[in-house]
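Common to both upcoming complexes is chain A, partnered first by chain B, then by chain C.
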Partner chain A sequence: MKSLAELKQLREKLQQEMSARNSEGKPKIIVGMGTCGIAAGAREVLQAIINEIERRNLDVIITQTGCIGMCEKEPLVDVQLPGQARITYGKVTAKDVERIIVEHVINGNIVTDLAVARLEEGEI
Partner chain B sequence: MRELSLHILDIVQNSIAAAATLIEITVIEDLAHDQLTITITDNGQGIPENMQSQLIDPFFTSRETRAVGMGLPLFAEAAQRCDGKLEIYSQVGTGTQVVARFRHSHIDRAPLGDITGTLLSLIALNTNIDFIYHHIYGTKAFILDTREIKRELDGVAINHPEVLSWLRQFIHEGLDDLFGGEE
Partner chain C sequence: MQPKFYRSHVLICTGTGCVSSGSKNIKTELMSKLLDYGLENEVKVVETGCHGFCEKGPIMIVYPEGVFYCHVRPEDIKDIVEEHLLKGRIVERLLYQEQPDTEKIPSYRDIDFYKKQHRIVLADCGRINPERIEEYIAVGGYEAAGKALTEMTPEQVIDEVKRSGLRGRGGAGFPTGLKWELTRKSAGDKKYLVCNADEGDPGAFMDRSLLEGDPHRVIEGMIIAAYAIGADEGYIYVRAEYPLAIHRLEIAIAQAQQYGLLGKDIFGSGFNFDLHIKKGAGAFVCGEETALMASIEGRRGMPRPKPPFPSVSGLWGKPTNINNVETFGNVPYIIKHGADAFKSVGTEKSTGTKVFALTGKINNTGLVEVPMGITLREIIYDIGGGISQGKKLKAVQTGGPSGGCIPAELLDLPIDYESLQSVGAMMGSGGMVVMDESTCMVDVARFFLKFTQSESCGKCTPCREGTKRMLEILDRICSGEGREGDIELLEELGHHIKETSLCQLGGSAPNPVLSTIKYFRDEYEAHIKEKRCPANVCAGMSAAYAINASKCIGCGLCVKTCPIGAITGERKKPHTIDANTCIACGACAAKCPVKAIAQG
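After this line comes the complex of A and B, so read on.
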């Protein structure tokens, strides 16, 4: 059974590592969490993103947005690398997550066949 | 929605939009009375009285991207088809409470589903909001309070991947224990 004592040990370990992590210039992943996104499977996609981030020990910011009016393309996941355009991926499934993370978040290449929109940095 | 836990995830988005800082989710499975009650209580900005009667009308929304809001109407319908109902209590400046009641054994009642995934999603994406989750099943109870977890973490982010992994197992084991290995 997981205990709070165990959480304390984890905290001590992470506090030591934390000083190495810097808060500026992290890639950002944004998941659409409107009713439309949730009904289309956003929760499962988000779980896959969390798993992938943990598996690869990535330092990224994950956050959410509401319905942005592209309901028919949900689940929507946006990726924004520091200083670059924000790319929206549509109809994302848990299976697509590894590709988006490896190709875009890690290697910086947009996954063009899944991308549905692009917002330049200044437009956000 | 296929699972009641997806409705919970969805309804809590309203609390988030209402700038709540503390959101309490309670699931009571009263097997003796064949009742399932889901309550979501927040300390958000509240809903003005003149809007309250329109909340379960799908063609009413406070959002500006589209003219329809499906969250509460879908949840209300899910409850109504299981001999239950949806009640909303709200006061501007105090917060809002949404109560959904279901007949536990009703054939049309959706399963609770992936509660762990719902809680992890909420916690991972909203680190500045505190969540309390109570789940009562018969005579047993499971409680998760992120305020307590954050105290233990002493500055380490609650959505650090390794903390989320710990939380996933903590919730999963807690619920397993609650159901006595049944689910």
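After this line comes the complex of A and C, so read on.
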């Protein structure tokens, strides 16, 4: 370690290692992992999301949720940006993942053709 | 290289407490179940240090949700993996509950045990993997050392620590900044820095937990201290009976060397610092600084008269600064956030926080960090969850064998150096043993004195002979042979030993006796005058147990339980206890399924 700046650079780089342990103020992706979701391919979608986030080095929280009743539209993926409405995407496939992450998570634009529901903040 | 992304982190406590309640098996089981479900690349398993809530161990925290699972057993792992990690459903039955009839609490932050705590030293203990320096750096570790070495002069560092009001956490409470200044100003080309990790009080495990859970914080504090006093070499004196702490320290030191945080020209500042571990053999007296230094030098661990103080002539005759583990643990925070931030917590004369090991007859045993000035009542009832089995609090023992007993009447006493001293106890390193109404205070005093007596190094007469005589008196009081005048004799001996002993082992050894006499004199008198132990603890004078023949079902459990074979009887017929043999230990009464046994 030759300087404080070098340490701070290293810290930046290492931060993603810890990111899952602090969820405050971060974009959240929620994958429906009920039996219906898993049967419809939610595991593959989840894996694709993880790969995409890792590839782009994003600071995003991924959680799962159980069946929310729209089994017909599984796999369901919700995206919630801090302070914004929670958008549910239906019939998501692994190849839709990149589009959802680039357009919604990174650029903040809802992917309207895949969206099936919208929950305002605080309304669950 | 980019670190690998895991969507979920599972933190398993591997502090000594949780390891002994089985956390290693939990981890093995978790790893195998993750493989079964194909989650090994999505879920990261992290071993952490102590979370403090040892009572509820093994403890597991699942992120990103921050769900707190307690008493996790290997057979619970399948549900955690399948339900929570795969499907996102919290496993309700493993959540924490304050009371059997209250709601389950999923999140760490909402548990009463943690709410009143203020974590400075333990901030990352349980949050990071102590065996990976990368995690410590990721939460901002070593930035304080970087700041001190590159942006501050040693004098500025000392000033900041002085201004913070930090005092020695080993118990005596000497101002840390002042100690550093004395060593800095001592003439000498070679200076040493020593970390006293010879934690020896029965029931105390604060330093061990910090070394196991966040060793880099202590190392960082030492780097800053070494820079301030002008030392280029340091020792951590830690007892060999702390194998996990030593293991993690060794890893931490090697990693810090690898990153150039120890060794030559740290942060390009030209400052060099090497750190060694010295394992102690576990003698209590080696916690005394001059004995500790003798032990590091390879001599027999015995104290010597002071002055000269270590700051003038310490290790190998060189100026040496010795601080306790927890003291060093506070230093990075002070340098990083400033003295004012540190001072904003605690009281005027006792700033910051103190870590306590809560043990004894309390519901939530464990490790807590509280702001100075908090009352005993808050620690015991709000954080500690009250006395176990609904019994009444009798006293709290702080400071281990050097400290004293604080009676229940003083429950609203604020915890700071001066208040504790004023009632005859002391801060000590942070052991806090809670005692309920079933505790005999004479027996407690005898227990602690027995400890210090056998740990006395024997160098000075008052400690060697005096504690022995005091113990003989206590032994006879407890066995029902106490004499008129024994209390006065104990007091007289105690005061002489305190005043004339060479070091603080002897200087504080009588404290448990003197403080129990002060607050529980009636119990001593009952033992001596009435030959009666009010708490029914002292075997020599407790009434023998007897079996109520009309209730006894002749199950024979008591026969098996009795340690001395005083109970006889035919199966399915009432049993009898031989009153002359019975030692009144009460084991049979505790086991009896029909409550047919009581003291006669």
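The definition used in the following text is that the second predicted complex is superposed on the first by the 102 of 124 C-alpha atoms of A that agree within 3 Å, B and C clash if a C-alpha of one lies under 4 Å from a C-alpha of the other, contacts with A are read in each partner's own complex, and residues count from 1 in each chain.
Assume contacts are C-beta pairs under 8 Å (C-beta built on N, C-alpha and C of every residue); 3 or more make two chains touch, one makes a residue touch a chain.
Everything quoted here is computed from the prediction, not taken from an experiment.
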**OP:** Identify the partner contact of A:K2: answer first if only chain B is touched, second if only chain C is, both if each is, neither if none is.
**Re:** both
Original post:
Touch check for A:G83: first (chain B), second (chain C), both, or neither?
Top reply: neither
Original post:
In the superposed arrangement, which partner chain does A:G25 touch: chain B (first), chain C (second), both, or neither?
Top reply: neither
**OP:** Would you sort A:I68 into first (chain B), second (chain C), both or neither based on which partner it touches?
**Re:** first
Original post:
Thinking of the overlay built on chain A, is A:R11 touched by chain B (first), by chain C (second), by both, or by neither?
Top reply: both
Original post:
Is A:E44 contacted by the first partner chain B, the second partner chain C, both or neither?
Top reply: first
Original post:
Following superposition on chain A, which residues of chain A contact chain B and also contact chain C?
Top reply: 1-2, 4, 7-8, 10-11, 14-15, 18, 31, 33-34, 38, 46-47, 50, 53-54, 57, 62-64, 66
**OP:** Quick one: which bits of chain C touch chain A in the complex? Just the residue numbers, please.
**Re:** 2-9, 11, 41-42, 44, 63-66, 86-89, 127-128, 134-135, 137-140, 142-143, 146-147, 150-151, 259-261, 265-268
Original post:
If you look only at chain B, which of its residues touch chain A in the complex?
Top reply: 1, 6, 9-10, 13, 17, 63, 65-66, 69-71, 74, 114, 117-118, 120-121, 124-126, 148-149, 152-156, 159-166, 169-170, 173-174, 177
Original post:
Taking the complex as given, what residues does chain A use to touch chain B?
Top reply: 1-2, 4, 6-8, 10-11, 14-15, 18, 31, 33-36, 38-39, 42-44, 46-47, 50, 53-54, 57-58, 62-64, 66-69, 71
**OP:** Could you please specify the touching residues of chain A with respect to chain C in the complex?
**Re:** 1-4, 7-8, 10-11, 13-21, 23, 30-31, 33-34, 38, 46-47, 49-50, 53-54, 57, 61-66
